[in-house]
């Protein structure tokens, strides 16, 4: 509706004032937040008069997140908020119709029965697609025929990764005749937002490195040699466990290209990373605001916009030629909707989904 | 079962070396709640030095863990100067000084980590990424049932800690420095009258506690995540203090207390895992070390005796 | 240049708000026993602390063996062969005798030629020899915590001798000793002198000076009054110089008039923390108008008797009646209410809150009741008014009146404050433990007078003292304790000083 | 020459001013604060930012100074109310520490006591559907009781078994943290926020988003109570027999026993009071500032309050001021970081510095008395 006004205040990106409010890990977490931040920075490169301020909310409490946004909203044109913690900004958005909000990884909290807001663009990703490629990679590269996924908390996005991973393994088993088992430690089953048991290996936190390491070690002990790590900071612990193990164990990174985190002496433990390309989409929306084409809405982004996928740049992965080819083929199928991996709520299961 | 011992030891030993630091400080009469801050700041300096050296000389950071350990000790010691000066020269309340130092350490290191990352390395990151410490297994001994686990997957730092701990014991109980130090915590006036500078001994003691805590902190940084970030502040400093009080300010009983914490911790996780309970139950097992400590304290506290002059501000003139 | 081994010239030392030593000049000859005399706070300890290296003078010069020196630390003093036996022992109670003595000058050996360690075994032997050669026998492996006061003092003396001091300073060494121990110590001091050492002795007890000292300096309010030749000066003259007036040594006292029984202790038994019986089956009674004194060597259970009556220690057997009422299991406060006043032995850690002001300390036993407070609310005005009244009545001297922090008051005045507070309670039973310890003779005279006055008002008084003279002077009835047992109870008149001494040593019993 | 003299004169006058014992409890923390702001200013200068602007932003963010522009429904007043909202638990917690201090006890367990009382109030009242008029007082009552029991336990362990309260509180902190985490995860979890279920508005001690005119603000009901409590504590400590007993036990246990004070009972009592105050901090935090509990997390307030109590000289009125200051710095930091482009962590550094400098208070006092001594002397020698 009022997207034109916004373009005016932005005046071709002239002095567009952007703020990014993050959880306590900040915009320099080398991961999720940073990816979004980089999108803003890349936008600013092309619109040098635009500015960005990074602010973080230290407690991780959703109410505090909203409060932090409310504290600073007056001084900015666009607020970027990565993370479910900021779902509650819908109330702030209603009170400040002249500001634009970009919410990543969550739908805005409904206010009354309003679920969509004129000045909020919320983007979610089909993590199951990225997870699917991770599963394929793991299943195709494993020598022990045992793979696993480690998660943080069973939020939908995390469950999506998990289900996608399992879908990918099943796909490889079926299509390429593999016999790969997905290992789960019984003590770490997850409970999703509806209270359902989704299995998997959930550390129960995105910031508990010690537990991450315990889980990592336990998996390695069970003979797992490919671990997909979708656990935020907890994942560092898994990485450490794998590095110390000194075997043939590899990890698959998550959200962003984690190849640099995998350096282990002269070697690297990162096989590839299952990515969702948030920065690119943030930049896209900022551009849209500037050129007046901004459209609000709650959007789920798929492989068809190249928003999900895996890292295949030369030197940033260690996939074998054959695996890479198989994954590239599958990527086209996912893109074309021939393969629809299971997600938390899309009604499919890792055992039974279109394309299997 | 092996994991219980392996993980238990790799947790208990850094805790132990921090507790020894605490013993040194408290035996000299200076209450030390600042262990947490020392370990954090020490680990910060250790990690920073490793990164800077790797950066400057192009050394593989993987090979720098002894350098990191060394600088962590220096870092812990440097930060301990604050506590020493506050408590000894400025005659501040020692408990308060400790708490303040913890707050300051957390604030400073998180601030500096991001600041240095962006200013010096031009990267945006809130942690210093280190190489992992290579673990080793002593082949013959590792095959012994049960005890073999002690020699399996050992971090080099565990050996270092044991060596330092033995030396610390020798220094505290056998040398004249140790004799004077312990006397400072019992009756500083007697030390002063014997012509020994109480302040100097106490400075040294607090610095040693900083040094050892820095070492402990670096070991935790390596064993938990192989990087430095603010997640190093997990209350282990306070746990070390609890261990040393529980150990009645003596090195050997304190080792026992640390092992209790370590094994109860890894054991708790192990039980929860092997009983296949949902992960929430792990929390119930996690209270094990603390409940056991409290219960044991109920039986042993009566005979527990803190150094007599602990926490007292020493003033020559005051009689 | 001179025949003085120690010379202090025009020494001035100031502390915040006070000139502790004001232009003091003294000379001490080699091989003499030189005494220092003066009221509490006259500056004796301060003057000697400057020789011992604890303080440096603000003005003036110190010459040792003819050479001008600046003694910057106790270590430095030790290098000059000066050693100080402090008024308050500076011992680590957790350490053995040897460890205490060698602290600071530890003999070192090397293990495997590499690791130095403290050679305790050798030190033990050396100290045993040393202690024998001076007639101060001790077991060097014993812990200080297990020693009595007189043994602890031996350790302090050995410490100094171990460092080969030949100028020895004793600060009030006899304040905590029994007559026999004092006798023994004085012999040792004389022996040391005869062995060529120079001794400086600070004491409040004139007879001791008379007995051993060659010369004596008198200080008053920081100034040197005179240096006397002890042989040709009378005790009375010394006292007069010190206090500035005539002092009487005999407490004047009318014959006692006993009234009805106030305190009755039956078969009292008390155990210490280690479960050891320190008071064994003690029974006695005290009547109104009677001063009942317990004589005994330190640590023979007398303090525990007082604590048990006042309620500070648990009783493990026996009964205590006050005015006919069984108070054995009453709380401390109820006992106070029932009529017990208590002047404790340790005024710093029990009798006073050093960080509170004088008014509060004076109200310590009554603050919770009318008129100091009503319905749980304190009445600060009453604190101050009553406090001021007591300050006047008992002549308590303090810098800022009732507002003075008690820590900054002199020991004598602190003691006066406690006595004032306890007398004001008008309790039928008053317990005095070591009421004159460390107090100068002027103040002693006053305190004795007050005790006798209270007796004459019909109070029952329990006096516990290590000073036999004090007991012989003041008591009406004497009980002698040894090893937790009352050896003898008899009227003052029926006992001689010697007899009491023998009972005290356990050499004689009924 | 004369300028020199003037300088000395000024210094002397300053010293004389600071010497007054009565004012020292104010002047020394004040000097500490000024020194730390100077130190922080240097740090900010070093990273190439304007310290004055930064400090100004700090106060703007906390609602003490007006911001140039406000978002919809917001104004300086709403910011100020947020400040009070955040400050309320800190004030209670610092009072808790201060009371224990007075009795010679270190209550390091404030965080655990807060958590326990917050948890019980949450499950008993927060999920009950009781009317506000009953629910709110009940929340306070549960906070007081739960915190008091927990604190009393620590006092009892100390008195009965000689267990050092520093150790027992640390142990109890962990135990509370894990047990409550377990119960929240098992029974009260909100699967979306991964915290405990939000409590009913009726039970909440802060009225949120209250529309006043064209503003929406949070009204912390607990704040008034906290101020009244502080005054009450001051009164109890200074003017009553109970307070006297507690202070006496804190000053010298032997002398307290000798004067007939029941040391054990007063140790427990002081910890009960301290724990109750921590309990109030807990309910105003978990059922006021927030409306739910994060599992496995202890509030920072637990430790900050120790330092705040120190900054306030363990004096109830002093604590009001020190907790305001720390809250201002805390609250303003988001806005400062957003405006001045300085990392938020600098605010924690400032807090750390303030505390560091105020820990030197004893030394300052001593130095001042030395200097004033000298000044006196010089005066004497002149005349």
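Here are a few things to note about the model shown:
Lettered A, B, C and D in written order, each chain numbered from 1.
Methods note: a contact is a pair of C-beta atoms (placed from the backbone, for glycine too) under 8 Å apart; a residue touches a chain by one contact, two chains touch by 3 or more.
It should be emphasised that the depicted structure is a prediction, and the values quoted were computed from it without experimental measurement.
Between the chains B-D lie more C-beta contact pairs than between any other two chains.
Taking each chain's centre as the mean of its C-alpha atoms, chain B lies 28 Å from chain D.
Work out the mean CA point of chain A and of chain D, and you get 39 Å between them.
With centres taken as mean Cα positions, chain C sits 45 Å from chain B. Averaged Cα coordinates give chain A a centre that lies 78 Å from the centre of chain C. In chain A, the residues touching two or more other chains are 191, 204.
Taken residue by residue, chain B touches two or more other chains at 114, 280-281, whereas all remaining positions touch fewer.
Multi-chain contact residues, meaning those touching two or more other chains, occur in chain D at positions 185, 296. By the contact rule set out at the top, the touching chain pairs are A-B, A-D, B-C, B-D, C-D. Put simply, chain B touches chain C in their complex at residues 170, 174-176, 179-180, 182-183, 186-187, 189-197, 308, 316-317, 319.
The part of chain B that touches chain A in the complex is made up of residues 3, 7, 60, 62, 114, 117-118, 123-127, 129, 131-135, 153, 224-227, 231, 234, 269, 272-273, 275-282. Interface residues of chain A, counted against chain B in their complex, comprise 25-30, 34, 37, 185-189, 191, 202-204, 207, 209-210, 212-214, 217-218, 221, 233, 236-237, 239-240, 243-244, 246, 261, 263-266. Residues 19, 53-64, 67-68, 70-75, 84, 91-92, 95-97, 99, 153-155, 191-195, 204-205 of chain A are the ones touching chain D in the complex. Against chain D, in their complex, chain C makes its touches with residues 16, 310, 312, 331-333, 335-336, 342, 344, 346, 349-356, 364-365, 367-368, 373, 376-378, 380.
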